[in-house]
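Chain IDs A, B, C and D follow the sequence of writing; residue 1 opens each chain.
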Amino acid sequence: MGKKRIRDYGIAIGQMKPGTRNQITDVAGVKVGHVTLNEANLRTGVTAILPHPENLFQDKVVGASYVINGFGKTAGIVQINELGTIETPILLTNTLSTATAADALIDYMLKTNPDIGRTTGTVNPVVGECNDMFLNDIRAKGVQKAHVLQAIEAADVAFEEGSVGAGTGMVAFGLKGGIGSASRIIPYPYGTFTIGVLVLANFGRPDDLRLDGVAIGAKVKAFLEKKQALEATAQEKGSIMMIVATDLPVTHRQLLRLIKRTAAGLARTGSIYGNGSGDIAIGFSTANHIPHAQKDGLMTITCLSDQHLDPAFHAVAEATEEAIFNALTASDTMIGYEGRIIYSFRDWLESQT
Amino acid sequence: MGKKRIRDYGIAIGQMKPGTRNQITDVAGVKVGHVTLNEANLRTGVTAILPHPENLFQDKVVGASYVINGFGKTAGIVQINELGTIETPILLTNTLSTATAADALIDYMLKTNPDIGRTTGTVNPVVGECNDMFLNDIRAKGVQKAHVLQAIEAADVAFEEGSVGAGTGMVAFGLKGGIGSASRIIPYPYGTFTIGVLVLANFGRPDDLRLDGVAIGAKVKAFLEKKQALEATAQEKGSIMMIVATDLPVTHRQLLRLIKRTAAGLARTGSIYGNGSGDIAIGFSTANHIPHAQKDGLMTITCLSDQHLDPAFHAVAEATEEAIFNALTASDTMIGYEGRIIYSFRDWLESQT
Amino acid sequence: MGKKRIRDYGIAIGQMKPGTRNQITDVAGVKVGHVTLNEANLRTGVTAILPHPENLFQDKVVGASYVINGFGKTAGIVQINELGTIETPILLTNTLSTATAADALIDYMLKTNPDIGRTTGTVNPVVGECNDMFLNDIRAKGVQKAHVLQAIEAADVAFEEGSVGAGTGMVAFGLKGGIGSASRIIPYPYGTFTIGVLVLANFGRPDDLRLDGVAIGAKVKAFLEKKQALEATAQEKGSIMMIVATDLPVTHRQLLRLIKRTAAGLARTGSIYGNGSGDIAIGFSTANHIPHAQKDGLMTITCLSDQHLDPAFHAVAEATEEAIFNALTASDTMIGYEGRIIYSFRDWLESQT
Amino acid sequence: MGKKRIRDYGIAIGQMKPGTRNQITDVAGVKVGHVTLNEANLRTGVTAILPHPENLFQDKVVGASYVINGFGKTAGIVQINELGTIETPILLTNTLSTATAADALIDYMLKTNPDIGRTTGTVNPVVGECNDMFLNDIRAKGVQKAHVLQAIEAADVAFEEGSVGAGTGMVAFGLKGGIGSASRIIPYPYGTFTIGVLVLANFGRPDDLRLDGVAIGAKVKAFLEKKQALEATAQEKGSIMMIVATDLPVTHRQLLRLIKRTAAGLARTGSIYGNGSGDIAIGFSTANHIPHAQKDGLMTITCLSDQHLDPAFHAVAEATEEAIFNALTASDTMIGYEGRIIYSFRDWLESQT
């Protein structure tokens, strides 16, 4: 892909081993697609995460969602935690396009499932969002329903990070944010499992940034001050969406415990879950599929003992932290709406040597 | 309006006194508007509840939401409980039109607030929903964005109940459901306050129905069986949205406690909060406005002692129960999608004498 | 046992069939034991519910707890919902004896499990409570640790209801409350399952009482007024503990959904979950045991489809409602602390014919 | 006091200014008292935190509690979040002594409030705990009720940190843990406010430890390995209790938001909120007192705008992180039950120069 990642700078977050790609798609079956709108006043887009390649409505995955700070407009969360399942692709976009994305996702689900609204009930679209109003003309509502379908269709195992898809116009720590991902391998005695995280990073003040724990915020702030590029941080309106995928067999309760550990990884980068930040985690496990039509009534599901969850907790925290740095590292300096400029983290990083 | 209400049949739910209209608009400032789509295969619509007549985004109300059973797609709930405020009108519609309604509400808020997405953050649209697929061609997604704006503009103190607005195609207990409302007056030593409830009733099996507590379900079921009209109840896909308004000065925590008592009123009608039912309460208090621009930093808010909440708890339960019966009583028998027929509760009621 | 139950008066709550005993012990393995302290100024005691006869710490049951209204001091709830298990007998007692009961339960667990605090971690005692201060000299803290052990040892399939154990001094709707129980049988295609409920009923105002849904509160209040016995109701300090047992195979999430339906049964009796009432449900399923020492790491658990939960929801609501009436019906008129008198519900019931 | 703190080693956590003592007692009115049991096989004790010097039952403080990970037995949490108040001193002790402490606290409250259980209701004792079984003979249940009263009576503005009170036998990151505290000053335009945190630190693996963000875990592990002192970490049974005090005027909802930020400070030290760790925050604000007898019915409370909360969020995170390091730094190497040894963090720190 040509884009840089944080490990390219010799910085490896945490103690555990990443998967082959060090991305969420290391979890078998998971695919990610982007549509990027980077033209005129638009710096926005859509990112779609597909938990598996089959019909998700008929063949749901175990799902959970967790609100760290609820200044956010994410759709679909209520039902995920009541029923413990996710039945659509997960979309990410800008805040004011959440409804457009949800509507397009409804259309997509209706088209691929003729029984919805006829012989079975309705469908629960899942859409996360962050506010990209600094670089993007968010009031223009540039995301069209067609873009959403394109993002779903574009989904693949290989996907780009940085200023792409929903991440196009995002800002984190006063630097260019966006999409980032990472993964961890967990060698259990009964098999090797993978945890993957994809973030849409759009949060944080420059002062607070920590690189692998080390406080670099003061330096970053000075760097931006010199460039007269602190305007974005005067408006702390950020958020972060964290999507966690795993093939670990877990129940909804266990999955919920697992995705709560995104809060640890997030805090390590310097976040204090600011008032204006919608910090939300959504997770799924591909290990136990829940069929929509449950004729038999009784199901058998496999799950881990809670006593064995610690390695998975570590994996979630590490992958979240690294995914945030991959979002920063993969993003180039961007000039956006009204000529505003947001510098790349790499500009700072490379200025340090 | 000419429509019947449950008190017209000599049945007064509970022990407390209703307000002048016995509707949610007895709470000063509250208005309700409908757009009804009853043509061809459509039996659906939009209902808008306006907490006060001023700019809600600039002048928010204390808000809370409570999920009794989360098989539902309501938008906006996460932020309501994090910040304790509601900043848009509350919309109700059919499940597959939730995104359309949210999108239209975003447009409305952008138009009336030029600062959104420019000098201030974004906006949190609140939309509740029920599934009307038995009488309505829900896959047609008949609700257009223009309808939403019309419902907001149509909002008034006087409003109709029954098969109107979002209630047009709803079914409850195998009978025609829809929009219902009721209110209660609470004489406290320090002033007289009002609690109003508006429901979108679309839940329940005929067997379970209780009229003022008395089990009438077996009779209703026999009545419907004789008319060969039990098909709707084979598909239990209902839900109920309960909107609670009050001028009682309460904090978010107290308001949350208050709206939880909708569960008691709901249970009295025969509901057990069925698996497939999205049973959700959203409430607001108009007593303490929370300005969007909070320059001063410190606010003074007035609130009730928790020890004085019991009368308000009773009021919520009673008004919820009566609102459900007003929804049933105001609705006429309807023939809908594919010629399906749902009988009016009045047909049964009047057959009993 | 000679005590009356509500069915002895020809009143059968709900539509479903009760189990053999119509008590919580219809769920195989469950046992209940009481110690009753009815002497001098004491009208209190302890009730123990044993989920199964084996070592609960080594062989835990799936557990869940749900707080309807949290004005209460129940111990153990936090861990139940984090780990989804219950590992001790469940105790009920008066509010100020909660700590004594928890301490005795810790001693019991230490004695029966020498590994606790040595080679394994600690233990989570579960104790529910209601305030019996009207009839009982609650400040005397009459419950001793020995009483707790006696209640556990007394546990049996056959157990008494009414003013026994923790129910000895309880008051409900201004009438004599206490321990009540009921059960329901659920015939699923894949087997017949049982749901049992045991309540400690100590809540409600006379005005609000509803018998099988019918408002009898005004009559009950008049009856008590005539007897000058409304003093207890001036102090609404009640609560209700609801223990739900089942052999239905469910996950923690499903069990939590199930026990939430106690709120429906409770509301049917007239409760609006008053401000001062600690209304709390604790449930367990005996179908999937969770071993303390989980060497294998991966477990297989059987669970119901959520789409099949509605009969179980009905069963919980019906059994809760009937258990409350069994508590009322089994209790005799009692004279307690400072000569205060609380009349039996039977006194009123028999005065009506 | 002579004990070392982390700032004595030139390490200042975060960007904000501490209060005079850099302890929780910088919040006016707050006092802390310890009873330390360090004799024979006992390495345990009790710590009492008094929110203000008056009668807490009559004059409650706004309170909130937050469960990060619920593998814990803390008492009193349910009611704190329902009513939004704390009405007793907050006690900390070892896990198996929680009930003893709660019982002693009930006695203390009964003695100081003759109306409890007579003319008013009961009382909600608040007790947090951690498991000190590695160094302490926890099964001996060494804490007596008299110790609890002594800790309350010993409460003062000046108090010790490290292996004192409830912290006596605690272990964190394989090193000696215990009691630590820190505070931060927040200069708002409308006044200067203080946030203080006290922790009972008993969590974490050596590998994970981070000092001001820098990963020192591998070095600490190697240090302990060399000393053959890794046995404690084989049993990850830790927990952390975090008590947050402030004089900032906040509602319950805002206080809850505030204390959630302890999770950020905790994560910065290396915690991933392990499966077996009861990670629980309890907070109170002394700014708005809530009288027990609320004759007037309507109250006026002052609160901050949510938009001004970020500095307070930072303060909580920073003070939590520093409090944990003060717990580590103030503790000496200890030999405990069965001759087990846990080294002081200072041993490692001083070995690094």
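Definition applied: contacts are C-beta pairs under 8 Å (C-beta built on N, C-alpha and C of every residue); 3 or more make two chains touch, one makes a residue touch a chain.
Given the structure is predicted, the values throughout are model-derived calculations rather than measurements.
Undergrad: Work out which chains are contact partners of both chain B and chain C.
TA: A, D
Undergrad: Relative to chain B, which chain has the most distant C-alpha mean position?
TA: Result for max centroid distance from chain B is chain D.
Undergrad: For chain A and chain C, let me know how many angstrom lie between their CA-based centres, rounded off.
TA: 44
Undergrad: So what's the Cα centroid distance for chain A and chain B, whole Å?
TA: The separation of the two C-alpha centroids amounts to 34 Å.
Undergrad: Listing for chain A: what residues touch at least two other chains?
TA: 69, 82-83, 257, 276, 306-307
Undergrad: Would you tell me which residues of chain D are touching chain C in their complex?
TA: Residues of chain D touching chain C: 67, 69-79, 81-83, 95-96, 98-100, 102-103, 105-106, 110, 116-118, 121-125, 131, 133, 138-139, 141, 235, 237, 276, 278, 280.
Undergrad: Applying the document's contact rule, which stretches of chain A touch chain D when the two form their complex?
TA: Listed in rising order, the residues are 15, 68-69, 207-208, 210, 212-215, 236, 257, 260-261, 263-268, 271-276, 306-307, 309-310, 313-314, 316-317.
Undergrad: Tell me, which parts of chain C touch chain A in their complex?
TA: Residues 82-84, 188-190, 249, 251-253, 257, 294, 296-308.
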